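Going in written order, the chains are labelled A, B, C and D, and every chain counts its residues from 1.
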Amino acid sequence: MNSFGLYFRVTTWGESHGPAVGAVIDGCPSGLKLSPEDIQKELDLRKPGQGELASSRQEEDTVEILSGVFEGKTTGTPISLLIRNRDARPGDYEKLKDLFRPGHADFTYEGKYGHRDYRGGGRASGRETAARVAAGAVAQKILTRRGIAVFGFVRQIGMIILETGEKGFWETDFSHAGISRIPGLRREIYSSPVRCPHSETALAMEREIQDASCRGDSLGGIVEVRAYGLPVGLGEPVFGKLDALIAQAVLSVGSVKGIEFGQGFGFADLPGSKAHDAYEVLNGRVHPASNRAGGVLGGISSGEPLIIRAVVKPTPSIRIEQKSVDRRGRPVTVSVDGRHDPCIAVRVVPVLEHMVNLVLIDLLLRQSAAQGVKHG
Amino acid sequence: MNSFGLYFRVTTWGESHGPAVGAVIDGCPSGLKLSPEDIQKELDLRKPGQGELASSRQEEDTVEILSGVFEGKTTGTPISLLIRNRDARPGDYEKLKDLFRPGHADFTYEGKYGHRDYRGGGRASGRETAARVAAGAVAQKILTRRGIAVFGFVRQIGMIILETGEKGFWETDFSHAGISRIPGLRREIYSSPVRCPHSETALAMEREIQDASCRGDSLGGIVEVRAYGLPVGLGEPVFGKLDALIAQAVLSVGSVKGIEFGQGFGFADLPGSKAHDAYEVLNGRVHPASNRAGGVLGGISSGEPLIIRAVVKPTPSIRIEQKSVDRRGRPVTVSVDGRHDPCIAVRVVPVLEHMVNLVLIDLLLRQSAAQGVKHG
Amino acid sequence: MNSFGLYFRVTTWGESHGPAVGAVIDGCPSGLKLSPEDIQKELDLRKPGQGELASSRQEEDTVEILSGVFEGKTTGTPISLLIRNRDARPGDYEKLKDLFRPGHADFTYEGKYGHRDYRGGGRASGRETAARVAAGAVAQKILTRRGIAVFGFVRQIGMIILETGEKGFWETDFSHAGISRIPGLRREIYSSPVRCPHSETALAMEREIQDASCRGDSLGGIVEVRAYGLPVGLGEPVFGKLDALIAQAVLSVGSVKGIEFGQGFGFADLPGSKAHDAYEVLNGRVHPASNRAGGVLGGISSGEPLIIRAVVKPTPSIRIEQKSVDRRGRPVTVSVDGRHDPCIAVRVVPVLEHMVNLVLIDLLLRQSAAQGVKHG
Amino acid sequence: MNSFGLYFRVTTWGESHGPAVGAVIDGCPSGLKLSPEDIQKELDLRKPGQGELASSRQEEDTVEILSGVFEGKTTGTPISLLIRNRDARPGDYEKLKDLFRPGHADFTYEGKYGHRDYRGGGRASGRETAARVAAGAVAQKILTRRGIAVFGFVRQIGMIILETGEKGFWETDFSHAGISRIPGLRREIYSSPVRCPHSETALAMEREIQDASCRGDSLGGIVEVRAYGLPVGLGEPVFGKLDALIAQAVLSVGSVKGIEFGQGFGFADLPGSKAHDAYEVLNGRVHPASNRAGGVLGGISSGEPLIIRAVVKPTPSIRIEQKSVDRRGRPVTVSVDGRHDPCIAVRVVPVLEHMVNLVLIDLLLRQSAAQGVKHG
């Protein structure tokens, strides 16, 4: 099942060390201005950084638009996006052929498919997400025109946490950020090598990663993604709820092991009297006076910012030796000295942003369908 | 979007205070023995308990099988399940007609649909989940024959936590539970009014709920669900990953605000060297030596138990007064003295179990499709 | 696969001699006035007529709306429709239990499912179409508000043909029928026991059926369905083309063995110079000057009337003896003296009309989705 | 909606004069040997012939496999197929930019999308079908291993008809063709420039086309497609019936205006006593003694050959002048002197064959899913 979305349907394909990865978008409305640059700028945000914080695999990630765009505008027909793999080094992986690396999908792919592309994780590689980002960039263009803006940042790496709660960074800094501020905020976030907008915390995170990297180890983290400017009404009860689809989208990204909305796991020890958002009237419009719910109620957007947090496990490919077995069951020692990010949470930020974009565009189209016929 | 699953497709319908709720199952294989009792026994587990811990709405939840079963066996055609609402008291809700209750879906349904059934939450009511449990009971029958068993329990209510970690309850009690022990374990769990298998903790949880109830307040909690006996190979990369579909399924249940797999949010501060599961050989079979991943790697089941935890927000309908506004924006005070469970986490246990059943049956059918053609 | 449509998704269920048949509609916009009578009047058109021309099974076909409608208007949630089987006489079919009746689905259901409901064809019975008509009636209400009207009629029974071509009935009578005339035209058609609007031809058809019926035989026929008032633009290339979806919808009706659009099979011996429709300007608007294409070009509606013809095979249940075998391969003689229409084409008219309605509403919603986001 | 199939899901993309066309296959089982040559040989059958009977556009149609195949075998992940457009001459179409050509999709694409790629029909071009054939070739490989063989041929061009009825070509020549004979039969068919297996009729057809071509005109025709070796049981009632899905698949091919199964439109004037197939026992197995139904009953395959006929309209691009208007409504004359086949029916044969392959593989997987779980 390599397609996502019902109305704005994205199908991705490709392996880490095959000739290319790509995406086909089916359902993009016609008449949208779209250039390779629109997509390229988002792909560039997904690239690894420099130095110890990042993989040394260097991919240009140049996108080609093979269909669906004519004279600079979408035609309503499928948009095929192609990204060639240039720095693939399949030979590096020969020794992993018979090995089940801890924390990787080697064992389960072998069990499911029998025959697998073992080179760099094949389809299970993070490289597959380049196609998602490319497709998400198209969604983002439409959402932007509708006043919807999505951004993400790293909230925790190892023991270093960016407090964004009542007394923390968020309250004072982003909470009232107009949508117009968001592109600037994203630039700021991406200028940080750890994708953290608070420079002091960012510095501590960098050190944390460097320390782990020196030890030959890796780190997990938490990424927060927010969407501003949503209308009331996105989400399709009961199985296409906004939060259900976001959860599917976010958990479909490799290494993500959990998600929460608004107060999330904090709801477990909150009494009902302190857990919910009352309504008030502001500028003649009823809206929630607080946002503990994280922008979604009954699976439908409330008009408040959508706030999600996803936990990302540590990179499984580390230099520290791990014991395992090979496919014949013989004991082996795994120590990976390759081109790997020591903290995937950092890399995953744009991917989660664009998965949220893909959910939102799909729900926006579904909502438009009903509205169009209703008022017709 | 009121359907779930691709191969074992369940469509639910119905409102809390309409004539009935129901489900249609499309894709159930033929030849399966199925009686109303098979479904009824699961519906009975979903019923509220007694006294202060539970809603006083008393529904018989009697299921009728209207199609798809002939002479006690499924025919392969759609199975239509009907559950009449008998203790509906729509009149009780007249006063809520123009009100946006904090924490409920009133505001977002109004915003999305314009016209809504305000009686007891309409479609957004927990009552809708009776249809899911009925459908899940059919899935469960097939899974049982394949040696797959799912069960859930309450792990946390308010401040009371059942420790199931390395030194806690789980390690000593369930971890090596054979699948054959699970039906008994479920009976034990459901004999506890708070669905907690550890009697001391259960007692503390009961007191916690009673205290909250006395104060006119409610509590959140955490539910854990596990599936044993999975083969290696369930899950369809990249958007139909086992964890992605479970996340969609679980977040589609009202009041759930987050989910995690295995170590979940704990992965954020684990180093890579302690986060992953090495492999070992046991009885000539390679398998993970530990289960930090919670049974899923690269979106595919590893053969180890699937372990998920979901956080459930506190019941929004409480006696304590909450300030809000009505649809015209006039300030109102909401105090609900009705038929509501003070802790939804307790009620949600069988619903989450059966949502997991629905994901597993669907993935099992998908896996069978490929296997069947391959070996043909 | 008992669901049809992507945006206005209809799931039907039920067997001929089970307790009921029904449909669930998912995706109907909210705010639409809908009463049981709206649906009942269409179900009434599907009922068999009287006398020798029709089955003597007498079903009231009373529809219950179990969900999705509140205070007389749709809420946007699933609409569950239930029609109880009242005149079911399962006992009549005991002797058919082990028999493969020629022309029926007995043999293929047995082969596919192993275990089947043999009573009156079970799920393969024409009775299942009551659920389709009920769902189609909801679609029709929305289409009517958008100025779209669909109607069907019998064009051929046995050797009797209603000529609607260049010099025939159609050219002079319906071709310029405004949409406003269509409800009247439908009443007229349904007042004919053979659903043929031309009284002389209708009389000949009636005689044809009576003759066949006397001989213990049955007849095939051709039904034509038309849709007026379509906007330019319905249909989703390349697999959701208007004609492709109509073909799926129409062939999904039992007994239909073929379909054609516009000149249809007549295109085989037309030269290109006489096969296509030039464009002209009328009232300042470009449109096709003729309609050989039958209203669809490149899979997209052209704004001209949609014209389709479907061939319906003769009723397989006849009094004349047919030789066959039973499930053990023993020779048997089949002679059916039951409650069967001697010409299914007559009964199928409203079913085909409503299948066209279901395709159109779905495509209208898809088109609205794109338009809504585009102009937003 | 550019995807087809539920289990073996094919998504096509690309325009006639864009950089490429392609397909992504999602759901192909792993472990299947697959090389570019397997696909290339089918693409080669789709290429135009030589001389007056064919378009002079010369495309190599070289296929690249970009993913899903590793070391010569499928991996179960999406198979991305790419075919570059090499002989595109977009400049040729500049003059058609503002024109609505009769019989083409220009007018309806303009109406639907506003912005369209007018070069050679863009997405509506027959060139899109190269991607379908490439995907179908993969399906064909699996079907072959299961003993299923599909082939098509031209049955009628203009007034020249290949009689395959009771006294015609079919009865004596193909009817008892074992499946093993079919590859040879296909080679024979494709060695005929008009794809007709009967050499005398083929010659007459060639002359018919040449005559039309000389007059600057074009011709319609009828293509027959058959599938042998089907098991009993393919097809998913009620909306995924074998015939319903075949009808959707076949009508989704440009220029096809109708389809019939078995006796098809001939059923209209057959009495029931002569229309159906009795059963008999042969080699201890019950099966239909004749095949008027065309291999499908109640939407499920009967084990007899699937027989369909599709009517194909004449090429709309002809040299004879046709009157039309441009997008501003000004009268124009259209005369096309380009690279066009005078009879599309000839070109469409492999496309229809492979659309049938795509339906069959999808239904085979669905059937396997149910069987696998049932017997498990």
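Keep in mind that, in the parts below, contacts are C-beta pairs under 8 Å (C-beta built on N, C-alpha and C of every residue); 3 or more make two chains touch, one makes a residue touch a chain.
Predicted, not measured: the structure shown is a model, and the values here were computed from it.
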Chain pair, A-C or B-C, that carries the greater number of C-beta contacts: B-C
Interface composition of copies subunit C and subunit D: same or different, split at half: same
From subunit B, the most remote chain by mean C-alpha position: D
Centre-to-centre distance between subunit C and subunit A (centres being mean Cα positions), rounded to whole Å: 46
Between subunit C and subunit D, centroid-to-centroid distance (C-alpha), Å: 26
Between subunit B and subunit C, centroid-to-centroid distance (C-alpha), Å: 40
Multi-chain contact sites of subunit B, meaning residues that touch two or more partners: 1-3, 6, 12, 30-31, 76-77, 112, 123, 237, 366-367
Residues on subunit B engaged by subunit C in the complex (per definition of touch): 1-3, 9, 11-15, 18-22, 24, 26, 30-31, 64, 66-68, 70-71, 73-80, 82, 112-117, 122-123
Subunit C to subunit A touching residues, read off their complex: 6-7, 27, 29-32, 76-77, 142, 145-146, 237, 361, 364-374, 376
Sites on subunit C touched by subunit D in the complex: 1-4, 6, 12, 100, 102-105, 107-109, 111-112, 123-124, 128, 156-159, 212, 215, 217-222, 231-233, 235-241, 243-252, 254, 257-265, 267-273, 275-281, 284, 286, 288, 293-294, 296-303, 311-316, 318, 320, 322-325, 327, 329, 342, 366-367
